[in-house]
Amino acid sequence: MKSVFYLLDTAPYSSEKAFGALNAAAVSLNGMNVTLGLYGDGVYLAAAGQDSRKLGVPNLADILYAYGELKVIVHEPSLVERDLLGETLIETLELTDEEDFFEAIEGSDCLILL
Amino acid sequence: MKQEQCDVFLLTKPPSSPRSDLCLKLAVRSGNARLYLAGDGVYHLLAGIEELPGCKIFACQEDLEARAIRGKEKVTVPENFYAALIEDVMEQCERAYTF
Amino acid sequence: MKTLTIVLTDGPYISEYAEIACKLAETALKQYQVNIFLYLDAVHIPKGGQNPSFFTNAGELFSGLAEKGAVIRACARCAAARGYFPEEEIGGSNCRDYFPGIKITSLYELSEMLTKSDRVISLSR
Amino acid sequence: MKSVFYLLDTAPYSSEKAFGALNAAAVSLNGMNVTLGLYGDGVYLAAAGQDSRKLGVPNLADILYAYGELKVIVHEPSLVERDLLGETLIETLELTDEEDFFEAIEGSDCLILL
Amino acid sequence: MKQEQCDVFLLTKPPSSPRSDLCLKLAVRSGNARLYLAGDGVYHLLAGIEELPGCKIFACQEDLEARAIRGKEKVTVPENFYAALIEDVMEQCERAYTF
Amino acid sequence: MKTLTIVLTDGPYISEYAEIACKLAETALKQYQVNIFLYLDAVHIPKGGQNPSFFTNAGELFSGLAEKGAVIRACARCAAARGYFPEEEIGGSNCRDYFPGIKITSLYELSEMLTKSDRVISLSR
């Protein structure tokens, strides 16, 4: 495998899956071509201004920023369905339509869903 | 803190969850629902849940902040969300549901 | 005194329900009797030795609740399936792998808790 | 509490939740008025002819039969959505429309979702 | 067992799951998909998944029996589901996906 | 020899993915190298002492896979959070709470496994 696509389809904070997907994607940067795709409820991770201090858990947006070399794409139809398109989003993320999102999946050697 | 009989709903699921649908249907049926949004439940604010008929909405401050969701005019963000919720659940409401 | 019973089914960390349950129980304990029934994966919550670098130790949180008077019980079938067994009681627990104050009991205990409760809250993914 | 409504909204066999809901409902029969409501994917439990021997797990339909005194109601719109209405269903179950299903929830002292 | 290049999809989620939608969209895009249904994936047979264009459907016998779902004419129920799947995944397909 | 890597995130019993993974691995091991990475709640799968009355013992199943040559590794962060720690190696395991043959390693091992794999299967709820 030379490339891996991690698909995150669960919301951040309510479950460890977003944290797990970010960590797994980060370690995979070492030697592989990595894409993290936010899809379904995973697109909530794209909201700008997350502050998890009072919740006492890691700030997942900060982890995204920390791995600037990680390619993160956001499934735009999922954003629209969730009324997130009008909100401020993390600017380093790439919004993609369904066609481009699927092509990114198909262009990777494997797809991992947590 | 006397008030007319209400039903309390704690909703921690995002709008995509079938459990959210069930919760909101029961809340609308109640006619006098106090809907407490915690966890991913706060994402319902994006979809305009505060317009739901017969529902008073409460949201948890720390969950709003973590998820970068803004409060809204018709939405109460209690200083102590869990104290308000427990008071309502234990003393004020007729029925209490968690989704 | 009124009684609140909380039913949990998720293990720690994978979901935030252990933490939400803890906030609810902590608040309720100031005025009410609190029971917590750990069912399915929730029987992992009181496991000793947890060391979550980035999250709050769920076992400690629940042990703290037990110290403040919460009655916390884990389903015996779910616990046994996952490798936790009741033995003789030490430190308010009957399972050597569990934090103090939390016991393994039969599922009938859930029914007992419900019967004696004024309110019930269930939290699960 | 004198009555409890267990709502099962996950399919049998893929998760322990159906088994857990059946067991919890069964022990609650001792002293409480119990209703088990099948809703959403939970209605798959209503299919007649389940044979889990090759899967090596408990037959959940048999557990339903074993607790004949347990009141089990099935949310009919969920059955329809899942194309199950034309299939043979376990005959001891009671199909209810949404109104009756919700009334059964509202008529119980508490609602438990696993 | 030479065959033209295909994509393999293992689907274990019921029709209500958003992951099923994603799986089926990718399978249809593939044009030559071999869709293996296990676990709750077999519930897709109730909804007529065998009519999906460009998809050959396989279902797991023990999961069909446990869930009381009947096989269908256009659906292959291999004697050894996992052997067929592993052979396809490891030797026959261009891409393999699990949902 | 081709390599298959399976990534799991669910604990045993709560979902059927441990069993499905086992069937896949068992079959694949006849011809291929099989790696299994246990992530998030899946680090509970190799816990010793499981006694599920109604289900197959997941720990035994996975220990059997390791005996047949599967390389099974658990994420160190997820394991530590849940109370499992690497110590000195005994019986092919570095965790005293685990079945033989299954080790706790860094998450980087997942990346290593993927790099060396021909196919990857991930199973999660």
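As written, the chain order gives the labels A, B, C, D, E and F, with residue 1 at the start of each chain.
The criterion applied here is as follows: a contact is a pair of C-beta atoms (placed from the backbone, for glycine too) under 8 Å apart; a residue touches a chain by one contact, two chains touch by 3 or more.
All of these numbers come straight from a predicted model, not from anything done at the bench.
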Joint neighbours of subunit E and subunit A, given as chain labels: F
Path length in the contact graph (subunit C to subunit D, fewest steps): 1
Farthest-lying chain, centroid of Cα atoms versus that of subunit F: B
Equivalent interface positions on subunit C and subunit F, same or different at half: same
Selected pair, greater C-beta contact count between B-D and D-E: D-E
From subunit A, the most remote chain by mean C-alpha position: D
Approximate Å spacing (C-alpha centroids) for the pair subunit B, subunit F: 40
Centroid distance [mean C-alpha coordinates] between subunit C and subunit B, Å: 25
Whole-Å separation of chain centres (CA-atom averages), subunit C against subunit F: 27
Residue list for subunit C, restricted to those that touch at least two other chains: 13-14, 16, 40, 55, 77-78, 118-120, 122, 125
Junction residues of subunit D, two or more chains touched: 13-14, 16-17, 40, 57, 110-111, 113
Touching two or more other chains - residue numbers and ranges from subunit B: 12, 16, 18, 39, 96, 98
Touch relationships between chains, expressed as pairs: A-B, A-C, A-E, A-F, B-C, B-D, C-D, C-F, D-E, D-F, E-F
Contact set on subunit F toward subunit E in their complex: 2, 4, 16-17, 20, 23-24, 26-28, 31-32, 118-123
Residues of subunit F touching subunit A in the complex: 7, 9, 39-40, 77-78, 107-108, 110-111, 114-120, 122, 124
Parts of subunit F lying in touch with subunit D, wherever the complex brings them together: 13-16, 54-56, 125
Touching residues on subunit A, where the partner in the complex is subunit B: 11-14, 40-41, 44, 47-55, 57, 59, 61, 81-84, 87-88
In the complex with subunit C, residue positions of subunit B that touch it: 10, 12, 38-39, 80, 82-83, 85-86, 89-90, 96, 98
